[in-house]
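One chain, subunit A, links the two complexes that follow: it is found with subunit B in the first and with subunit C in the second.
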Partner chain A sequence: MNILFLIQTFWAAVRAIPVTVLITSASVLIGLPLGFLLAWIKIRKIRILYPLAVVYTSLMRATPMVLLILLFYSTLPSFLNVIMNQKLHWHIKVFDTNPVIYAIIVFSLIAIANLSEVFRSAILTIDPGQKEAALMVGLSPIQAYYRIIIPQALVSAIPNIGNLTLNILKGTSLAFMMTVQEVTAVAKTAASYTYNYTEAYIDIFIIYFILGTLLQIIFRYLERYLSRHKLRVKAV
Partner chain B sequence: MPPFSFKFFLSVFGQVLPYLPVTLLIIILSIIFSSLLGVIIARGQLGSSKVWRTVSQGYVFVLRSTPPIVLLFLVFYGLPKLLLLSLNININDWQKSIFVIIALSLLFASNLAEVFKSAYLSVNTGQREAALMVGLSEWQAFYRITLPQAIVVALPNFANTVAALIKDAALAYVIGLLDMMGAGDNLISRNFGHHSLETYLALAIIYWILFVIIEQSAKYLEKYLGKGHTIASKSAEVVA
Partner chain C sequence: MLKVRNFKKKYHQHEVLKGIDIEVNQGDVVALLGPSGSGKTTFLRGLAFLTPGDSGVITFDDQKINIESATPSDIKKLRRKMGFVFQNFNLFANKTAIQNVEEGLIIGHKVSKPEAKRRATEALKKVGLQQYANHYPSQLSGGQAQRVGIARAAALNPEIILLDEPTSALDPELVADVLQVIKHLADEGKTMIVVTHEMAFARDVADKVVFMDKGLVVEQNEPTSFFDDPKSPRLKEFLSRISAVNVADNSFEYEKAVQK
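Moving on, here comes the complex of A and B:
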């Protein structure tokens, strides 16, 4: 065991944490509104879009993350190149794009599918009487959603959103396959010079443990914050 | 990028499917070992011994935020070193599949422990007390009364965990195991990086079929096992 290497690589990998956090948070933030839209399509069974939404969700949830990353990373740049430069003649240098962008795209696509299922089950747990009552007192359907249904659904969705965020965070450890310089990639590269792979992976393990623990604390606070009205009712 | 070749896409199935047994074997053995370990951890969490409770809760907490690939590499590189240094046992010549099974079992034992624990707790304690009252032994009460009810509750989450395990088993190829993913990867290398779209798409479809089989058989089993039960098997959605 090379303790010096362990400590040096740890600090090198710590400096790559912002990339990991950026990919995770950007993917989840993009996934939240689009996932909600997809959930809405599935609940209202919008014509034509509904079967597409179901197939998309199933495919995304069934396919291993590695496979999705490899699939998109090997085809998306060429595909964009054909569309943007050969069809539209925009002359954008697709192949020079920062791989972080591709990572965010792939993880967003995964987040959208999983979040749509989270939102769907959360909205379905709300008693339809809530919506009817909201419409009865004169709220518009959008107001009923925005003021009555979403605040309640969010409370039951938060633990699952937390789980998903944790899974995306863990999934970013695969982003090194897209040449993204995040925690895993930095530690792996450092290890490849001296072949200290065990030490490098212990470093990555510790960093992910810290990040995962912080994430769980944040979501526990969020859950408590969003369910504060519920607790007040219980106290009465 | 060469144009999409449907003929090549079909030929991928023929080249990759022979390795399906390797993938399935790893999945099945990992499920068995992680279930056994999961039961031990769940028992530790519910038991009265404070030491065991702390250890098992700590295990679940730590493994929850461990990425599968990190654990896989830690087991693959670290375990032989650890055993060589501490016990002077050389396992460097073990097959790669063994390391994959160890890593997956360690990882999913923590998930399954949570599934088992919540299922056990969902069965009303009055059931056990009533069983003890009518003269069943502690073991009989568990085996005949609590367990059959807990299984129905655990099934949807168990199926979700298995689906997640199948997906993470696809990572095994990064340490050089020749499973379906490994065969697909070799296929792309043999074609000098071409036809990756067809290969990955074919693999995605195979994994999709596996997923649907697990999903549907869990639904069927749930209906079958839930027959005659009056308790509501409310399943928490687990995001895979």
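Moving on, here comes the complex of A and C:
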């Protein structure tokens, strides 16, 4: 065991944490509103869009992340190149674009599909009786949704949003395949010079463990904060 | 004030309501009785278009609605005159007791916030829950939750309050408080339709008792004749099955609760 290498690589990998965090948080933040929109389409069974939403969701959820990344990274830039440069003559350097952008796109597409299912099931857990009560006191259906149903659905969705964020965080370790310099990629590259793979993997392990634990703590706190109304306090 | 003609409703092939005719006058308390599956709740929910009927005519004051051709704005206008109290309360779980009452005032009826607070406080006071204003529904007992539900409906001062088995989901000991609150509303002259299984309450508070069975109104009468002198064999059978002793002994139980 090369302790010096272990420590050096650890700090090198730590410096790559912002990239990992950026990809994860950007994907989830993009996924939240769009996933919600998709969930809305599925719940209201909006014409034309509904079957598309269903197909998209099952496609994204049924295929392995690795495959999506490889497929996307090998085809999208060439595809964009054909459209933007050969057809539209915009002369954008598609192949020089920072691969982080592509990673964010891929992980956002995955997040959208999964979050739409999270939101859909969360909204369906809220008793429709509350919506009826809202209509009877004069709220419009849209007001009933955003004032009564959605705030409660968000709370019950938090643990699942946490799970998904955790999965994406771990999934970003695959972004090295897109030449993104995130935690895994940095450590692996360092190891490849001296063949100290064990040390590199230990470093990666520690970093993901810390990040994952932090994330779990954040989401647990968020859940507790948002579900104040569920706390059973002894009645006065 | 409210007149319903030939109200029909089918679930798939099963005809739940086969043409209900009912008339409610200003200040009336109408108790709707009948065995399970007779369509009482379906009818009440149909009146508020929560589960709309298939056909029939609802006339409310000067508004006449043909159920088949009702538009969303017709329904909205009709609902504005109605309050609804649900069997399982349906309080907004993310809002406190007072916010539950204020919601309809501020958002639904565009009342200013201070005025809404004043009215909501007063409504909670009337149901005896002033000190629970800042409790969330999960912190209330069933009886308290239902009283908030009643306050929420009554605070909007609707012309009629529809109550769908308001005490059926409650522990027996909590029923009395809720019935007492409903009786108060009746004493104030509120017009109400109550679907209920509380015979003593129906007898004591209602101005008119309507008996439904198998999707039809079988008999309706003022309470004394209804209970003491039932005309139709079906109602006689129904009343004989509910122990007469029960009715006699438990009557005014909610009055007793108040004296405590």
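The working rule: the second predicted complex is superposed on the first by the 231 of 236 C-alpha atoms of A that agree within 3 Å, B and C clash if a C-alpha of one lies under 4 Å from a C-alpha of the other, contacts with A are read in each partner's own complex, and residues count from 1 in each chain.
Here, a contact is a pair of C-beta atoms (placed from the backbone, for glycine too) under 8 Å apart; a residue touches a chain by one contact, two chains touch by 3 or more.
These numbers were taken from a predicted model, which means no experiment stands behind them.
After overlaying the two complexes on the shared chain, residue contacts for A:Asn114 are found with subunit B alone; subunit C is out of touch. Shared-chain residue A:Asn160: touches subunit B; no touch with subunit C. In the superposition on chain A, A:Asn2 makes contact with neither subunit B nor subunit C.
Judged by the touch definition given at the top, the superposed model places A:Ser192 against neither subunit B nor subunit C. With both structures placed on the common chain, the touch criterion links A:Gln143 to subunit C but leaves subunit B unconnected. Of the two partners subunit B and subunit C, more subunit A residues are in touch with B.
Once the two complexes are overlaid on the shared chain, A:Asn98 sits clear of subunit B and of subunit C alike.
Subunit A makes touch with subunit B in their complex at residues 58-59, 61-68, 70-71, 74-75, 78-79, 82, 114, 117-118, 121, 160, 163-164, 166-167, 169-171, 173-174, 184, 197-198, 201-202, 204-205, 208-209, 211-213, 215-216. The touching residues of subunit A, when paired with subunit C in their complex, are 127, 129-130, 132-139, 143, 147-148, 151-152, 155, 228-233, 235-236.
For subunit B in complex with subunit A, the residues that touch the partner chain are 1, 61-62, 64-71, 73-74, 77-78, 81, 163, 166-171, 174, 181, 196-197, 200-201, 203-204, 207-208, 210-212, 237-240.
Subunit C contributes residues 48, 50, 79-80, 82-84, 86, 88, 90-96, 103-104, 107-109, 131-132, 135-141, 144, 149, 152-153, 156 to its touches with subunit A in the complex.
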